[in-house]
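The first chain written gets the first letter, and so on, giving A, B and C; residue counts start at 1 in each chain.
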Amino acid sequence: MPIFDQGYQHWSGALAGHAWRWLAVTRHGVRVGMKGRLLRLVLLVAWLPAIVLVFALCLWGLLERNSDAIATFLPMLRGILNPEMIAGPRDFRVVFWTLGFRFFLQVELWFAMILVLLVGPNLISQDLRYNALPLYFSRPLRRIDYFLGKLGVIVAFVGMVMIVPSIAAYVLGMLFSLDITIVRDTLGLLLAVIAYGLVIAVSAGMLVLALSSLSRNSRYIALLWLGIWFVSGITATVLDEVDRQQRMHEAGQPGSFLRSSEVAAAELEAAKTNWRPLVSYATNLERIGQELLGTDACWERLAQLQPLGQRDVFLSANFGLRYPWYWSAAVLAALLGLSACILKYSIKSLDRLK
Amino acid sequence: MHTQVLDQVAGPAEVTPVVEFHGVSKWYGNVIGLNKLTLRIRPGVTGLLGPNGAGKSTLLQLATGQLRPSQGSVRVLGRTVWNNARLNRSIGLCPEQDAFYEWMTGWEFVLTCVRLSGLGRRDAREAAARTIDAVGMTQHRGRAIRGYSKGMRQRIKLAQALVHEPEVVFLDEPLTGTDPVARRDLSEIIRRLGSEGKSVLVSSHVLHEVESLTPNIVLLNRGRLVAEGHVRQIRDLIDKHPHHIVLVCDDYRRLASRVLAWEDVEGVRVLASEKGLMVETRAPDAFYGRLPALSLEDGLAITAVYSDDDNLEAVFKYLVTK
Amino acid sequence: MTSATSLAAAEETRGATAGRLPRGSRASAFWTLYTLTLRQHAHGRRWLVMGLLFLLPVGLAILVRSTAPDVPAIGLEFVLAHMFVPQALLPIVALLYASGLVEDEQEEQTITYLVSRPIPRWAIYSLKLLATLTTTVMIAAVFTGLTYAAIYIGADARGENVPLRCLTSASIHALALVAYCSLFGLMSLLTRRILVVGVLYTAIVEGLLANLPFGIRLVTVIYYARLITYRTMEFLVPLPRDRTENIAADAWQFDVASDPQLAEHPQLATCVAVLVVGSVVCTMLAAWLCAGREFHVKTPEKD
């Protein structure tokens, strides 16, 4: 009877190619991340707005079908929506869906920020602290595989709160509509939402990875991330407010409230060249989202329903950012480039490690 | 396997123990670090042995006041350790972890540590210079610790444990990562500490290191005290396992037939490659007593006699790896 | 061989002086720990991050003055030095430094060197906090001065005593920093998620609750800091047609129309006392917690 060697046996099968090496790093990162109770709680809570969105889309679908089930909600809808919208909901289908997803994604952006805060700082800083880089690069793993793997962790978690619930809400809303034309009308919206989710994931992911590569202490990275998110937002608000006060002062207008149509029109015009929101990282992401989803046209459509003298006031209150979208794209691209440079110089391959 | 507790060969029974554990247990949630440990460590150098997870670190951290016992009491120099900062003036600890204020030089680090012990500036400088010289780091004391080799880091770590001249020193794996020269130097320092009257408890799982420092050991396994005392006496008491004695002789087969006739010999194994025999016996002293006469017989000249288990490794293996 | 020679030489020296080290004093040990922590703060990159953060209001001041020169200096001072800095920067800086008072040492595993010295644990915490306060207050004071310089140099101060305003601001920031650092230092001993808790506290308690015109804002640091600011400094911004606007009262929801002297709000001394006493209480509580704390370096911690 043959006796088999129980010792080490070299793997004689085929090794996978480089294309999927990064996936091993991503899988490990996601598995480690999911062990955190706080992260699982955040993921759970992040799906609640999706339930609200699904409810809203389903309600609209029922409204379009003039279903009896909508009768209970009609008084509430009459209080919120314009009578024209209730009378002809199909004409405002794209507007409602677009703005619904827009509000949903605005909320999910905050959850994405929290997830990146929970997961991102540890990604590279812990590898630096515990000297794990030689463990990675002593395998047939290139730096690009390592970076893609780490980025994949962020993309996975951001996708879980932005892309997956959006797709789920879209499918459920579509099913409640029972109208095949909804796909024709809103498929572009779904693609835009996915693209927006990917933009956030890649931008935030690269930025937090770059920060994470700068220190072994993940707490400082987390604070830096918060600083970039909050402090840049506050800074932009301060600059904006000072600029607005200056304009009010020049126009002889006291206080902070603007309700006249002329002032609103002037504010809308000034917003087209207002660069101050570019200082805020979150605002830049929102501007890209605004452009991808095409919310400008939706607000203009809704403004047509307002009385003539109130349209500018309505737009001024709801329109959002008016400066060219490619300004924000340039800022985000610059941050992406800076992040890539930092990563390139912070993380060296094995032959150059100290 | 049963617990053996012996009086130490080193001193008389009434010598005041420097470290005392009375029914000490320590648990972390569901994990038991130490389990009803009662132990007295007398002055001199004592080796603390055990496999990974035996509770050595827990014992040391309890003895140095870093952890509070979940049950029982720990006393050092007759005083309770936990939350007794003043006692730390008499205690020195060389921790196992390779952690420093990396941005400091070796000199700054040792000086800071001695000043943290409360010494004034001048006394501290003198003590730091003396201790750094004692560990052989004078030449490198001006360099940042982050540029030190592993051996240098161990020396500096030992220096900070000794700089304030404590009465009791706890060394957690002090020779880890050191080269043979550093190991020899540091072992010499440890032995000298013992000869100067200081009490040293050295934790290690490198058996020959501890053997070179002291014959007095404390052996832990799975949070329990397994044995305590002189290596030789512990070995004698392990009556489950007979002693192994190797005899080297040209005519080893005839020698084997002769020793097999002795009643206390339980087994003989031929070591053909060494031209010898390994004899198992429960009465090693009597066996050794008969060997000279046997060796005088024609053709049975025994060229070498040694025991490969009258040592710490054998004790460890018998008691721990059952 | 060097080692053998040094060993022999050391042997001689030891023979001469062994066992003669004096007992030493706690004051010396305390001072050493204090200065050690100061040096730790200076050696990390944290001070760089802190400096960059505090340079923001300076940069903003320069930016605003160059792009909107008609903005009244006092209005800019209010927005930057009394809104932006206390609400955004001070909590972040306090979180950056105070959240890792003891945890950083534990993570780096250098806590062993402190705990094995004859320094009580409560003193370890207190001294590290004191050193942290020294660092943060000093840097905040310097950058407050720079912010004021950026706002007022070359601007129309309209008869205001700028150095006095700067000094008052720096003092109020220092007091707020002391309160935040003490609070976050205590929180860091109560929870491992200090960062999340600290951010939520800053955003919800100091950010939202403090702006509500109800009694709930009595539990916030920023409320007392604002009251002290309001009672010690004026923020009347000139408007066209010889009007003025009390921007502080508007922004901080003080109903000066019905209560011009803010009689329903705590007085200046009370505000200072609340912040100081609150800081002392937090510090004492934290020191007490530290006194009984085990610092696990090699052994497992309870979950």
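In this text, a contact is a pair of C-beta atoms (placed from the backbone, for glycine too) under 8 Å apart; a residue touches a chain by one contact, two chains touch by 3 or more.
Not measured: the values here are computed from a predicted model.
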Let me spell it out: compute each chain's centre from its C-alpha atoms, then which one is farthest from subunit C's centre? B
Taking the mean of all protein CA atoms as the centre, name the chain whose own CA mean is closest to it. C
With centres defined as the mean C-alpha position, give me the subunit B-subunit C separation in Å. 48
Distance from the mean Cα position of subunit C to that of subunit A, given in whole angstrom: 33
Rounded to the nearest Å, the gap separating the Cα centres of subunit A and subunit B is 59
Among subunit B residues, those touching two or more other chains are none
For the subunit C and subunit B complex, residues of the former touching the latter: 1-3, 6-7, 9-11, 13-14, 17-19, 21-26, 28-29, 32-33, 36, 40, 43, 108-110, 112-121, 123, 291-292, 294-303
Subunit A contacts subunit C in the complex at 38, 117-118, 215, 217, 219-220, 222-224, 226-227, 230-231, 234-235, 238-239, 241-243, 245-246, 249-250, 252, 254-256
What residues of subunit B sit close enough to touch subunit C in their complex? 28-29, 31, 33, 57-58, 61, 64-68, 83, 85-89, 91-93, 95-97, 99-101, 103, 112-113, 115-121, 123, 126-127, 130, 133-134, 136, 138-139, 160, 164-165, 181-182, 185, 188-189, 192, 196
Partner subunit A, residues of subunit C touching it in the complex: 45-46, 49, 53, 56, 60, 63-64, 67-68, 70-71, 75-76, 79-80, 83-84, 87-89, 92, 95-96, 99-100, 103-104, 107, 193, 195-196, 199, 239-241, 243, 245, 250
